[in-house]
Every structure is written in C-alpha cells, then in structure tokens.
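Below are two complexes that have chain A in common, paired first with chain B and then with chain C.
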Partner chain A sequence: MDRITDDLKRPLVDLLLSIADDKFILGHRNADWTGLAPMLEEDIAFSSLAQDEIAHATALYQMAAGILGTTADKLAFRRTPEEYRCATIVEMSDDFNWATAICRNFFCDHFDLLRLERLTNSAYTALAQLAGRLAAEEKIHVDHVDSWMIRLGRGWEPAPARVQAALNELAEIAPTLLEPPPGLEKLEKAGIYPQSRSGLFEPWRDVLHDVVQSAGLTLQLHPPSPSAIGGRQGKHGPGFVTMLDELTEVFRIEPEAAW
Partner chain B sequence: MVAPESVWDVLRTINDPEMPINIVDLGIVERIQVSSVPRPSIQIDLLPTFVGCPALPVIEAEIQKRVGQVAQGAAVEVHFRFHPPWTVDRISATGREALKKFGLTVPAVGQQGQTEAAQPSCPFCGSADVRIDSPFGPTRCRMIYYCETCRNPFEHIKRVGHESTLLNINPKERDAHDASIFRAPPKDLA
Partner chain C sequence: MSRLRDQLRLPGEGDLNLPPETDLQPFEVFIQLQRGKPHAHAGTVDAADAAMALQFAREHFGQDQACVHIWVVPREAMIGTEYDKDVISRLTDRSYKYARGYQVRKRWEQFRSKKDVDQYEKEDLKEFF
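Showing the complex of A and B:
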C-alpha cells in the first residue's frame, strides 16, 4: 500500500509518534551521560546511542509530518506535554545511576527492536522499508546493552546487586512500553501494524529472560493492565514537564530559526 | 538533455565529508534518472549509510551545486531511499583501498561479521591479532579496533544488519566466550 486512507491517518500518526517519542526522549536521556559516563568507551557509546535514537526519531517525525502537513522540528519541539506519546520508562531520570541507565536501555531497546521488526512486515511500504533499516541499526544497541547486562550481572559485588535492584525497580514500569497508542486496532486490521497472536509481551519477556538468565540475574515481568492509561494517551509522570522544558529550551528561544 | 553517464562522472568527484572516498565508490548512489517530462529533471536516489547521518545534507548540497552546473537547466532532485538498504558490501574495491590507506577497514564482502574470520586485519601492519576496543566510534558508522601487534587503534566500518556485530553470537558461544574473560577477582579484592 502506497497511500493511507483518511480514516487511518490519525492512528498512523499516533503510532509513529509513540515510536518516535520513545526514541527521542530516550535519546535525550542517554545524552545525559555524554561527558559523564564511567569510562571513555561508554561516553562514546552513549553519545552514539543518543545520536542514533534522535536520528531515528527524526525519520519517523518526518513521516508523521508528511501526513499532518507540518515539520519534524515542530513535532519534536512544539507539542504540549499531553501530546507526547512516549512511555513512562523513557522519560524518568536515571539519577546518574549506571545500573538504572543500562537496565532502562535493556528494556527499551529490546522492545523497540521487536516493534520495528514487526513493522518490517507492514502493508504500508514506506514504513516497512524505514522500519527495516531502523531495526538493523537498533540491533547494535541491543547487542551492546546485552553485553553490559552480562558484564554487570557476572561482575564483582556490588555490580550484580545494583543491577538486580535496578531491574526489579524498572520491571514495575517497563510494561508501560506495551500500552497501545490510540487507534492501534485499526492499523492492525489494515495490516499497517501486523498483528500476531501473542502480541509483543511474550516475545519481549522471553528475549529479556534469556539475557537475564545468562547474566545470573532474575526478572519478574507482568503484562500491563489493559485499562491502565499512561504515556501513550498523553498522561506523563511528574518530571515530564520539567524535562520537556529543558529539552525544548533552545528551540523556544527562536522557534523559526533555521538550523 | 544531459547524459546519465556524465552525472555519474560528476558524482565521482564528490567525496563523503568524513572519509576520503567518493559517494559512488561508497555505494550510496542507487539510481540516476534523467527525464524531460513533465519537466526537465535529474533524479538522484541515494541510500543513507545510517538513518539521519549528519553527512547527508552536506552531500545533498554538494550534489545540488556540482550537478547543477552541468544540468543544462534541468531541476536536480535528490531522494533518500531505504530500499534496498545500503550495506558495506556496496563499497567498491577502489573505495576499500582508499579507506585502508586512511587507516579505516571495511568488512570483507559477504562476511556475516560474527565469526573470528570476520575480524579485520590491522590496516597499518597487516596483523590479524586485533580486538574490538569499542563497538562505537567517532561517527555512527564506525567502531574501534586495537592491534595487539603494532599497538595502534584503528577504525572499522560497521556491518549493519541482523547478523551485524561481533557481539551478536548465540548464548552458548557467548557463555564460553565470557567464561574466558570473566575471571574470579583476585583474592585480596574478593
């Protein structure tokens, strides 16, 4: 399918924004470590991860902007907080706890990859092609974060204890990633977001479990409550507005400036 | 109307802004189409090495400028496409040689990048005794290796894809690999 019918435009925009906002905000949070990571290689790694995520978000914002008749910059910087569709786990601060930063990426990158891989089979050709490319790049993130989970999990104390504590804490909010954006069922029906019988929870839990087991850690994950309302519907945590203020500060000084 | 061959020739004079290699040898030029209807135009399809690579706008501007000079009034249109995906296999033999001289290695054509055999040789001394120093590097498409023989770090172009990186090995192999790295702490630290 090369064209999107009018009734599918809004649901598709919400799906694109939910993926792009996850990536944009996670990229922003990853960039917090630039200059501060525990070693030089990780400083470079987290800066590269952030660049990747923000570049991915840009490509997705551009696709959504084409449908809405706006620009990627406006989508990224000029929406109100409740118009953002990102999940709670990407927006919270990691308080410069390395274990939290790694575990957050672990949950998010694996979910992101599964979601993109599913979209490579989208009936909407342009999205399928973009998702294929994004998935290939996201795989690098997954490999990197997996190697860190194993390194920390099998490392000397206090590394395993700290990473286990961060896993336990984040396991509570990680399933917010699975909250469907508004109108997702319409996209599933149209084949734009290909449906699978088990959904994404089981494949995600299983792939996380494999790594956690290999790292000598444990993880208890529960599917999100179907009635929970969170980031995908625009309901964000207490720190979100402050973070967004900081993120859009430079843009707001001169919104029409050419970059 | 300008011949597509002469557009290809112009593109061979445009280098990637971050590496000493022209964009045709880099393999990012997928297609050139010259048409007279509905209006005179030169359509150039490019395949980004990485999504949103900051070099892309620079390359596009350079194409607009240089192809514009030979376009005989035709509009120059640059399109970025993700299909087929760019891979390191698209880098020409000439391009590989130029990058090697620059100290940048490229995965061999067709290698899946996950076995020992896929390791590059040091571009300075040719040694195969190299290890990954960092899976990330100065640009998004590069990683850093270290040569144990001549003790130089060098950069390597990543193979992006589902069988892409060296860290992507199956769990059993990974366990064996890790067992060789993660030793018990020295007694005075335990």
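Showing the complex of A and C:
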C-alpha cells in the first residue's frame, strides 16, 4: 500500500506521534545524563543512544508531517500538551537515579523494539521500511540496557537492591506504554498496524522476564486496564507541562526560524 | 538538557564508599573503516567485561565516522615489547633489509589495474617507488 485513505490518516498520525513522542521525550530525559552518567564510557554511550531516540522521533515526525502537510519541527515543538501522545513512563524525571534511568529504558526499549518489529510487516510500505531501519537501531538500545540490567542485578550491593526497587516502582506505570492511541483498531483492520493474536503485552512481559531472571531480579507486570485513559489520549502527568515549556522555549522565541 | 540538572547535588569527596571504578578493566579498541582494510587502533575503554567494552566502543569510536567492524581486546591479553629494553630495529646498519629500491611497478601492473597501483603508491609506498 503506497497511499493512505483519508479515513486512516488521523489514526496513522496518532500512531506515528505516539511512537515519536515516546522517543522524543525519553531522548530528552536521557540527555539530562550527559556529563553525569556513572562512568565516562557510559556517559558517551548513553548520550549517543539519547541522540538515536531524537533521530528516530525526527524520522517519524517527518512521516506524520507529510500526511498532515506540516513540518517535523512544528509537530515536535508547537503542539499543546494534550496533543502529545507519549506514555506516562517517559514523562517523569528519573531524579538522576541511575537504577531508575536504566529500568525505564529497559521497559521502553523492549516495548519499542516489539512495536517496531510489528510495524516492519505493515501494509503501508513506507512505514514498514522505516520501521525496519529503526528496529535495527533499537536492537542496539535493547542490548545496551539488558547488559546494564544484568550487571547491576548480579553486581554487589547496593546495586541489586536499588535496581529491584526501581523495577518495582516502574512496573506500576510501565504498562501505560500499551495504551492504544486513538483509532488503532482501524489501522489493525487495514493491516497498517498488523494484528497479532497475542497482542504486545505477553511478548513484552516474556522478554522482560527472561532478562530479569538472568539478572537475578523479579518483576510483576500486569496488563493495563482497557478503560484507563492516559498519555496516548493526551492526559499527562503533573510535571508534563513544565517539562514541555522548557523543552520548547528556544523554539518559541522565533517559531519561524530556519534551523 | 533541562534545568533539573541545576538542582542536582553531586557527591562530594568522601561521599562514595567504593572506589569509582573498582571492577573495570581496560580494553583496547580497533576499528575498521572499510571491509578488507586493516583495523586501526582507535583508543581505550574501561568496562566490566568484553561485551560491555564492545558496546562502549561502538558508541565511542563507531559514531564519528563510518565504521564497519570493531575489535576489543583486554589489555592484559596483549603482549608487547618494552621501549627501553627490547631492541626491534637493529642498532648497526641493516638498511639493505628495508623494503625500498625494488622495481616492482611492472609486475604489479600485470595483476592489478594501473589505477589500483596508483592508489597504492599514493597511500602506502610513495617514498619507496
């Protein structure tokens, strides 16, 4: 499929924005670690991976912008808070707790990879191709975060206790990643977001579980309530507006400037 | 980067009760910029183990130029000479052993294209041809 029919445009844009906003906001949060990560090598690696998130977001914003007739920059910086589609887990600060940072990326990177892999089979050719490229890069993120989980989990105290505490805390909000963006069922029906019998929760839980087990840690994950309304529908946490204000303040000085 | 960083209290001296890098070891990193070309030493990373060293090397040395392959080697696995102790080049005249003065161009051209030889001369053996 090379063209998107009009009735599928809005749902597709919402799906693209949900993926892009997850990556954009997570990349922004992770960039806060530049100069502060626990060791020099990781500082560079973590910052480099944060740049990947922004690059992935840019590619997805560009696709959405093409459908809407706007620009990637405007999508990234000029929407109201309710128009963002990111999940709760990427919004909040990790309070510069390395265990929280790693656990957050652990939930998000694995989910991202599964979502992108599913999209590589999209009936919309352009999206399938883009998802293939992004998934190949996302695999690097997954390898990176898994290796941290395992090394922290098997490390000396207090590392295992701290990473277990962060896992427990984030397990409450991690399933917000699975909230469907508006109109997703239409995309599933059209094969743009290919349906799978098990959905994403079980594969996600299983792959997380394998790593957690290998790290000597435990994880209790529950599927999200189908009636929950959260970030994918524009309902964000209390710190979101402040964060977004700061993130967009340079752009807002001169919105029409060419960057 | 956000203003949250301004509120962060960095640990002062004495706050850390472990040496910051207790269980890390150095790995030497070699990168290859093109398939078939030699790997060149790029630098060093400290890491807990080889897998992590490879990840660090990918981000640290593989991003600022196109790079197709990386090796990491634990420094302790590398055996080397000592600058002041081990003689490598002889101290008395053996200059006849240096690879210079050979008239090889015609032979090279028999099995390589002229363009390749030109390139080879330019890159590697300029002073000897």
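Here is the rule we go by: the second predicted complex is superposed on the first by the 259 of 259 C-alpha atoms of A that agree within 3 Å, B and C clash if a C-alpha of one lies under 4 Å from a C-alpha of the other, contacts with A are read in each partner's own complex, and residues count from 1 in each chain.
Please note the rule applied: a contact is a pair of C-beta atoms (placed from the backbone, for glycine too) under 8 Å apart; a residue touches a chain by one contact, two chains touch by 3 or more.
The structure displayed is predicted, hence computed values, not measured ones.
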Kindly classify A:His28 by the partners it touches after superposition: chain B alone (first), chain C alone (second), both, or neither? second
Looking at the overlay, what does A:Thr218 touch: chain B (first), chain C (second), both, or neither? neither
Give one of first, second, both or neither to describe whether A:Asn121 is in contact with chain B, with chain C, with both, or with none. neither
When the two structures are overlaid on chain A, which partner does A:Leu36 contact: first (chain B), second (chain C), both, or neither? second
Which partner does A:Ala136 contact after superposing on A: first (chain B), second (chain C), both, neither? first
Touch test for A:Phe96: chain B only (first), chain C only (second), both, or neither? second
Name the contact category of A:Ser196: first (chain B only), second (chain C only), both, or neither. neither
If you tally the residues of chain A touched by each partner, is the higher count for chain B or for chain C? B
Tell me the contact category for A:Thr70 with respect to chain B and chain C: first, second, both or neither. neither
Do chain B and chain C touch any of the same residues on chain A, and if so, which? 41, 44-45, 48-49, 140, 143-144, 147, 151
Touching chain C in the complex, chain A uses residues 28, 31-32, 34, 36, 38-42, 44-45, 48-49, 93, 96, 140, 143-144, 147, 151, 243, 246-247
Touching residues of chain C toward chain A in the complex: what are they? 1-5, 8, 10, 20-21, 24, 45-49, 51-52, 55-56, 58-60, 63
State the interface residues of chain A toward chain B in the complex, per the touch definition above. 41, 44-45, 47-49, 51-52, 54-56, 58-59, 129-130, 132-137, 139-140, 143-144, 146-147, 150-151, 154-156, 210, 214
Residues on chain B engaged by chain A in the complex (per definition of touch): 48, 50-53, 81-83, 85, 133-138, 140, 158, 160-162, 164-165, 167-168, 171, 174-175, 178, 182, 185, 189-190
